[in-house]
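Note that chain A is present in both complexes that follow, paired respectively with chain B and with chain C.
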Partner chain A sequence: MGFNWGFIVKFLPNYAAAVALTVKLAVLGVSLSAVVGAVCGLVLYFKVKVVRTIVRGYIELSRNTPLVIQLFFLYYGIPKLGLKLSGEACAIIGLAFLGGGYMAEAFRGGLESVSEAQLESGLSVGLNAWQMTRFVILPQALSVAAPALGANCVFLIKETSVVSVIAIQDVMSLTKELIGMYYNTYETLAILVLCYSLILIPVSLAFSLIERRLRHAEFGD
Partner chain B sequence: MPNSGIDALLSVNNLTRLGQGLAVTLKLSIISIAISLALGLIYGIAMTTKNKLLYGLLKLYLEAFRVIPLLVWLFLLFFGGARAFGADTDGFTASVIVFSMWGTVEMGDIIRGAVQSIPACQRLSAEALGMTKARIYRHVIIPQAVRRFTPAAINLVTRMIKTSSLAVFVGVTEILRVGKQIIEFNMMKNPMASFWIYAFIFVVYFIICYPVSRLSKRLEAKWEY
Partner chain C sequence: MGILARGDDSVEILKIKGLKKTYGGKTVINGVDLTISRGEVAVVLGPSGCGKTTLLKCVNGLESHQGGVILFNGQPLGEGGLKWTLARQKIGMVFQSYDLFPHMTVLSNVMLGPLRAQKRAKDEVYAQALELLDRVGLSDRRDDYPRQLSGGQKQRIAIVRALCMNPELMLFDEVTASLDPEMVREVLDVMMGLAKRGMTMLIVTHEMEFAKAAADRIIFMDEGVIAEESEAGDFFKSPRTERAKRFLNTFYFD
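Coming up: the complex of A and B.
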């Protein structure tokens, strides 16, 4: 029983398509969760009344429930109320719902790390609100938040493996299907690991580089 | 509302079944957490080794779980195991093994971080006082490390409970699968069932995980210095 290279070559196009879909979902899901997270982080930082309470509730909900359940609810539960979404839309919304909570905490942590003295100094040299944000708050907040944001990205990309529960032809469901049909288990699993390594190793390397680069911006210790 | 469909959920029979599913979810989580705690302790202490080869191997194991999604590991063990040993792999056992292997590295990394976060001067001072290695651990390192370790470890517990939901992929009859069965059974007479059942399971997970993560945050705030 040798390793069947022919099998791998035969299904390579299917895998390429599945990886492309996973990457697409990951990119959209991560971007959307970054937007949700940034907005929520700002709401918490500026202590916007009422909205803050809603944001807090959302963060707790998204962080304390598994993505699998969130996806099931979105894909099978919500349509019963009359809102039918495609599998891909559900996957992206699910990832954004989950990731938004994690990103919000990362952004908030970064923003809150900018010390009061920095803000006062900025004001005293006459910076306006935009200049304060652009030159004082953001550079420091983002460099502090970067490691957490990077970790969240990697976490979310890994979580995309779960979206196969809702009828999406991603790498996971392709693997399951091929194992069921051809029983070439070792080959299929090997490609599966390869696919995720190809996606995730460059991403985690990139983030550790960015993290190292951003250390320049650190202030004080 | 005459036919909101919530009655599909509220029957005693269904609640009992969901409860049984939840018991499986919790059993899976608790066994994995216990194993991870025990092995993670060994792994974490081993990570502080000065032996480069051992460290390299442990680090490789850590990175393997950091890079490859857990569900992929579960597939590897479940399908690969079935193929390698010919027999049908039991989904529950496969899940426990994979969750524990992952939990061990995460727990170990927390322990390593906690131990190494203690400034070297503490250890040196203790050595200067002539304390033995065991006593240094017992009276200097561990009491301080525990404070750094506990919040993160409790946080990992919620992550592991949430992760237990992946067992549905390998056919374990945990709460989500029970929910699916109830929905399929009620498909004709109660089309709203999927909304209520999944909402219910969503809430159940939240009710379990929220207090635990609150506790983690509280301890973290309390012990911060």
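Coming up: the complex of A and C.
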């Protein structure tokens, strides 16, 4: 069984477009989930009344339902309520919904790791709540949360492979389609692995670099 | 008369009346009255758990209190009075474990409060920070991070961080208790220098020789109350209460 290079070359443009879409979904999904997670993490940390209960419910829901179900709900359920979302919009919202819950927990963990002594120290020089958050709490919380945040990014990028269920032409759905049409399982799967590695390995490397720099600033090791 | 009355107020920089503090059901400060005059050095002594730290933290609002009032220059602090964020700009505090901000250089640590809380001009704050660092012999460490410094150096920086706010009153909570013996002296010398310059200080310490040398007045606490309050000389020579005698005896061997 030889490796069919001609097949690969022929569909390279399709793969390029699919990778571009996957990257777009990943970038938007991860960014949005980071925003959702940061807001929810702060709500939990500052114990904002009422909102905090809603946030807790959201986190449980997002972390304990599969992304496929969340996507089906957005793509097939929401239109019944009169709001039609494009496949891409559903994919991005779905990723943000799922990722927001995980990111919130990572942020909360980082925030809660900042010691009581550090808080008293900041307060003792007259800082107000906003200044405390900006200059004392967040910088220290982020360097503690960085590994978890990085792991969540990688996890979410992998989860983009699930969006093929709602008829979007990402790398995963292109692969399935090509296998269905040409039975070149060997080649298509090889490219699939290659595509995700191309996206994920640089992300992982970037995060370990960022982590090391953050730790260096704080602890010098 | 009005002018005279105000003049009297400014002599009494801190006045605590009937202070009560409870944790859950447990009373840890049980009716403390205390007046500190401008320029005075008052040292708080007492056995572990008697409420010394709690008292200091009530003064700058790091702990809430459940009864009594705290007046600063005649003005009540906290709810309904001077806001804590403003009060803390005039009441500096130094802690046992230094608690410098680990992610900031020495200079940033010192300048954070003046720049952000007090919103002062950068040039002016920078000049003052360098002058104060120079006074404690650490201006060459201005760009270092706390982790690069010894305990004694960190504590001197923590004192500078509080001083750079131009406080009218300084609170010290066992600031040498975590230090190796050879570093205790460098920190106490800085505090002694402050006393000589007329800084008003409320100091919790277990350094008896320092207390003898620096204090104008000793406040001896036990079980949440002030058990004895005397001139420093009198207290060490002839403590009036049994409890104070027993406490002082724990520091000597025979």
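Keep this in mind: the second predicted complex is superposed on the first by the 211 of 221 C-alpha atoms of A that agree within 3 Å, B and C clash if a C-alpha of one lies under 4 Å from a C-alpha of the other, contacts with A are read in each partner's own complex, and residues count from 1 in each chain.
Keep this in mind: a contact is a pair of C-beta atoms (placed from the backbone, for glycine too) under 8 Å apart; a residue touches a chain by one contact, two chains touch by 3 or more.
Note that the coordinates shown come from a computational prediction; the quantities given were computed from them, not determined experimentally.
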{"item": "First (chain B), second (chain C), both or neither touched by A:76", "value": "first"}
{"item": "Touching partner for A:66 - first (chain B), second (chain C), both, neither", "value": "first"}
{"item": "If touched residues of chain A are counted for chain B and for chain C, the larger one", "value": "B"}
{"item": "Chain B versus chain C as contact partner of A:162, first or second or both or neither", "value": "first"}
{"item": "First, second, both or neither for A:7, with chain B first and chain C second", "value": "neither"}
{"item": "First, second, both or neither for A:123, with chain B first and chain C second", "value": "second"}
{"item": "Touching partner for A:185 - first (chain B), second (chain C), both, neither", "value": "first"}
{"item": "Of chain A, residues touching chain B in the complex", "value": "60-61, 63-66, 68-70, 72-73, 76-78, 80-81, 154, 158-162, 165, 172, 175-176, 179, 183, 185-186, 188-189, 192-193, 196-197, 200-201, 204"}
{"item": "Residue numbers on chain A that touch chain C, as the complex places them", "value": "117-118, 120-128, 131, 135-136, 139-140, 143, 217-220"}
{"item": "Parts of chain B lying in touch with chain A, wherever the complex brings them together", "value": "5, 66-72, 75-76, 79-80, 82-83, 158, 162-163, 165-166, 168-169, 176, 183, 191-192, 194-199, 201-202, 205-206, 209-210, 213"}
{"item": "List of chain C residues in touch with chain A within their complex", "value": "57, 60-62, 84-86, 88-89, 92-93, 95, 97, 99-103, 112-113, 116-118, 145, 147-148, 161-162, 165"}
